[in-house]
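Letters A, B, C and D mark the chains as written, and numbering starts fresh at 1 in each.
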Amino acid sequence: MQVETDIGHTGVVGFLKGAKPGPTVMLRADMDALPVTEKVDVPFKSTIVTKYMGEDVGVMHACGHDTHVAMLMGTAEVLAAVKNQLHGNIMFVFQPAEEGAPEGEEGGAELMLKQGIFKKYKPEVAFGLHIMSSLNSGQIGYRSGPIMASADTFDITVNGKQTHGSAPWNGVDPIPAAAQIVTGVNHIVSRQIDITKEPAIVSFGKIDGGVRDNIIPDSVNMIGTIRNFDMDNREQIFDKIKTTATHIAMASGTKADVKINKGYPVTINNPALTAQMLPTLRDVAGKDVAGKDNVIEVPKLTASEDFSFYAQEVPGLFIFLGATPVGQDASKAAYNHSPYFYVDESSFKVGTKALSQLAVDYLAMKSK
Amino acid sequence: MQVETDIGHTGVVGFLKGAKPGPTVMLRADMDALPVTEKVDVPFKSTIVTKYMGEDVGVMHACGHDTHVAMLMGTAEVLAAVKNQLHGNIMFVFQPAEEGAPEGEEGGAELMLKQGIFKKYKPEVAFGLHIMSSLNSGQIGYRSGPIMASADTFDITVNGKQTHGSAPWNGVDPIPAAAQIVTGVNHIVSRQIDITKEPAIVSFGKIDGGVRDNIIPDSVNMIGTIRNFDMDNREQIFDKIKTTATHIAMASGTKADVKINKGYPVTINNPALTAQMLPTLRDVAGKDVAGKDNVIEVPKLTASEDFSFYAQEVPGLFIFLGATPVGQDASKAAYNHSPYFYVDESSFKVGTKALSQLAVDYLAMKSK
Amino acid sequence: MQVETDIGHTGVVGFLKGAKPGPTVMLRADMDALPVTEKVDVPFKSTIVTKYMGEDVGVMHACGHDTHVAMLMGTAEVLAAVKNQLHGNIMFVFQPAEEGAPEGEEGGAELMLKQGIFKKYKPEVAFGLHIMSSLNSGQIGYRSGPIMASADTFDITVNGKQTHGSAPWNGVDPIPAAAQIVTGVNHIVSRQIDITKEPAIVSFGKIDGGVRDNIIPDSVNMIGTIRNFDMDNREQIFDKIKTTATHIAMASGTKADVKINKGYPVTINNPALTAQMLPTLRDVAGKDVAGKDNVIEVPKLTASEDFSFYAQEVPGLFIFLGATPVGQDASKAAYNHSPYFYVDESSFKVGTKALSQLAVDYLAMKSK
Amino acid sequence: MQVETDIGHTGVVGFLKGAKPGPTVMLRADMDALPVTEKVDVPFKSTIVTKYMGEDVGVMHACGHDTHVAMLMGTAEVLAAVKNQLHGNIMFVFQPAEEGAPEGEEGGAELMLKQGIFKKYKPEVAFGLHIMSSLNSGQIGYRSGPIMASADTFDITVNGKQTHGSAPWNGVDPIPAAAQIVTGVNHIVSRQIDITKEPAIVSFGKIDGGVRDNIIPDSVNMIGTIRNFDMDNREQIFDKIKTTATHIAMASGTKADVKINKGYPVTINNPALTAQMLPTLRDVAGKDVAGKDNVIEVPKLTASEDFSFYAQEVPGLFIFLGATPVGQDASKAAYNHSPYFYVDESSFKVGTKALSQLAVDYLAMKSK
């Protein structure tokens, strides 16, 4: 196993050369934790504290990336042990900053790609998984096509001209303009985008302007989030937000400054690869005690993933791994990012087996 | 008396030269009737019928312009009898089409001015009156400065692209754009115009687009009226309606075609002339039986008058003459334009005296 | 074959009893034509003329229901010939008024069900097909779950109080209220409905109020269409339209009268039945000359179908049958409802075979 | 002179009994300063510093209330000297907190009235003046009827239910509701209030909700100001803001909490009293060097005054006194409340004379 460190700041790439010629399969684990104070009473409860937004906050693996690392390490052991039988190679990617790089820095999948890991190792397909408390241990969730949303943000400042509230005509009032922009932007999804193709969500999260009841402010700022499951819809929505805000502002003499901040693309499971590997997943997960298939098709998630960057480069398959103990209602489990997030470790076997078998089976199929 | 006919289609101008040198005073009566079927039982009830919007409708002097003609004829007699004492001249204007010329034709005060009556007779001031059922016989209503509104109309067509209601993204929907324009235009008066200077009113009277529940139409048409008491506000509102509609339309990819149709300007009583002639009006009207002054300051009227065109050229004074019999509650009388509009003829004496005396006194003051 | 006529006005139900015991399969063809003047030059071009909205209009099978009848008749012949081998029975439904009953009348699938055809014949499953010019002859389109939308309409009248446009405060203006309702209703899809579950569309098709520029009207009427692919979303949207319109109207002193007119439900292909019968469809349709599967998964259609009523009662499967000659670009063919709609008759064989085989295979599977 | 102190916290009332019987005239000076750091270089520049909103700020008579006190003291001297000739009495009111009492406290005119100063001294009329840099020294500004606006504030909180921005249907979004309330409230002035009677202004000064782009907040808060020149309009607007916000909120499932905080009423100069005392003002102010009348009719001011409370109890007359040196353009002078506000002391003579003469003449007229 050849290992490179310090890629994408703290990322690690391992490369396992199989004995027989063949393509390279990439397996990925993300590694970063979250500024959440752990509240579950486990022996290995996090004791790390950090400064976050000016306050002391605990740091915990509230999204379970530690389990991803554990399972990918396990997978590396498994595959290293059988490398003589592999018709190709395995690329192990341990990636930091999936939850976002610090403000103003680059990081995550995008940075590792930028630093050339795909150019160097030339993987043919990419597999990844995410631990998920809304499924039970033993279950694997999958979906062909778009599975997680793109997540982008917008920032609109409506600039008017400050004046006294008793004489609005002496200035240019940005508050009604901002209000009409909120309304106008809400018409994009309802009117202008084909949501029978894929859904789209545009939400304002903050609106803020003015300090006193009797002073009409100079400006109003609004920020929000954009979620898509279709890359073409996504670009259309960027354009339409700009057009809508710009012209509604001009209608009353204000000026809108609109910024779109691109986040992660849509995570799309390649349909052919998904269909091809589904039998492997079914083999790995089997059936539950009631005889129901442990591999289940999950609905689209409006959350986002930077695995999407890898899946833009090569066919990708991203799956969810159940983490709530069998017998408990997974729909009521503390969700990912909660201080009560808890992982049943029995799921590790399933995850490790899934990653290993996806790699082995893929290479085997290609060797025929 | 020198008389010219057929000016402004059917208008008449009389010119009475006084014996002594001095300026010319203009007195005006409008003459036209309305397509309203008279319902008051008087011996001289109108029997004329016309076609109006495809139907037979009666024609009556529902705005009392016949009384204006009668009083100005009486005034002409009075003044002709004293012409040897007049320090100047009188110009009598009998004007058609105050209620508006037929669609597509010119008419009224604007046309008579265009045909040169002021260039020819050079009046120095203009006086006019209007009979009014909301005042009692004997009363004269006046107001310095703006007394009646300008009345203009707008016509906005929002053009989108027709499509099936089940797939709005395949077309461009003009209905939400039109809705947002209604909203945007309502912000002009509330935000952008100094209504402490003079009030302004912008109202939509009609909105119309589409024929079926499941077809998004190509366009929506909206028409409305604009009233002002300040000529600068008026021009500002024209501009702001255009800007508002144009940009709100563009915000969602539609296109607004905006037309402003100018009607009558603000009727403004010249403050100096009003102050100067107020004693004359008080002399003429005297006091009522309760000892209250018969000359009263009236609020601004949102109706409009083409006397305003004369008052744009020379200082003007336009007054209201009460027509509801003393003892009746004038605030409950059938209003002007009603089929029940009724004029107490005793008011003619007051009106005739007012017009005569305004002319005589004005010329006398100027001769000193 | 037992045949009943005059059900649901002109509908016909045939019942074929198989030799062996087993359940009943329903097969359905709709029969009605459309007020469209045929413009395709075929020997059997329609010569029928009717009065429609006061005008003479041709009547043609612009949605190809004649082909449905032809294929179901063929299917009846085929199945009658093999009735000795059938492990169960076939119910043939020839249904009128799928395109809607005349205003104020009942009709179509809903009426036939109301008249008890399912209670009498007790089908276990229902199959139907629709000829479709956007697919090529030989192709069969299918989709598991929701395949066609529900189609309902709304009718909102905003009642204010008429007044002159120059004095809006003397009345209650319904135009801005209607405008704000358009805006408010557009927020339902963008904010209040989970469109990641299934998309939803709410469109206004008509807005109409007022007749003159200077009269604020008594009321504004708006009508529109509602499309859903989820029955729970549908009920939520009905409620939300009512709440939105009612309260926005009250906000400015107007009153909204909101009516929801229920049309056809969502057409949902039972996922288990779809999965079960997909091999049959693949057998019937085979592959095209290029070796591509002739059975293709189609996107959701925002059009609606009253087959949905049957599929509410028993598991249903509704498929699309290609009608545009091989070699022509089906995406450019005259669409259903066009005066140029044209059907390649070679598709009849595929349709007849599909219906026959679905029935035979279903009964065979159940007999095991 | 009888003097009472500590009324309305630090207020003072003096009562001067004239030698002859007659009514009582009230004269008022307000006394409070403002948290503004003086920037004019005068020998008596303020050196006082206070804590204001957590910071050290200078305190200056930026609205010239010190000059009001000086002039009313002078007036007291003048009138005391002639008390033997007075046909009645003078009530001198030195009032604190015209600029507003500290948050949560009562104060100003309202408190002094509440403590019974009118019940005790029974003034028949009230006179007051305000120094004004937008007029030149020597000038007196007056206006019959409404001269200064009422100033009230509103506070609207729209309560929804927080949720993630990627799934708005899981919560209730207050931002679009707030936006529609801004729009709806702007229709009150444009549609629902008779602004030909008196203008009205409703302005939002602040809108604030949410902290992050991807979290839809629980609530949005909006505050603003309401200005009226008509007490009936004022009450109507209070009601309409409540109705508008409440119902628009309900339309999308949010809930609006609306508070109206009443400030000062409209300052209305009694028309009869104004007409009666205008000759006195003209006598006092005379003409300027160019021969122009120094008493001028001023437009309505959208600022407010708690003199209005006195003028609700008895007929009142409130005038403006020019303070910018003759020869300077008063329209460009630093306005009241500016750190550069400056008063030409020659104006004191005019102000003192005006107050004295108003009192003397009023009593004299009443004695006839």
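The rule is short, and it goes like this: a contact is a pair of C-beta atoms (placed from the backbone, for glycine too) under 8 Å apart; a residue touches a chain by one contact, two chains touch by 3 or more.
Note that this is a predicted model, so its numbers are computed, not measured.
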Most distant chain from chain A by Cα centroid: B
Comparison of A-D and B-D by number of C-beta pairs in contact, larger one: A-D
Separation of chain A from chain B, taking each centre as the mean of its C-alpha atoms, in whole Å: 67
Euclidean distance of C-alpha centroids - chain A vs chain D, Å: 57
Inter-chain centre distance, chain B versus chain D - centres from mean C-alpha coordinates, in Å: 38
Set of chain C residues in contact with two or more other chains: 167-168, 173, 176, 180, 183, 186-187, 190-191, 195-196, 201, 302
Contact footprint of chain A on chain D as seen in their complex: 149, 151, 153-155, 164-168, 173, 175-176, 178-180, 182-183, 186, 201, 203-217, 220, 223-225, 227, 302-303
In the complex, chain C residues that touch chain A: 183, 186-191, 195-197, 199, 201-202, 229, 299-300, 302
Complex contact set, residues of chain A against chain B: 167-170, 173, 176, 180, 183-184, 187, 190-196, 243-248, 250-253
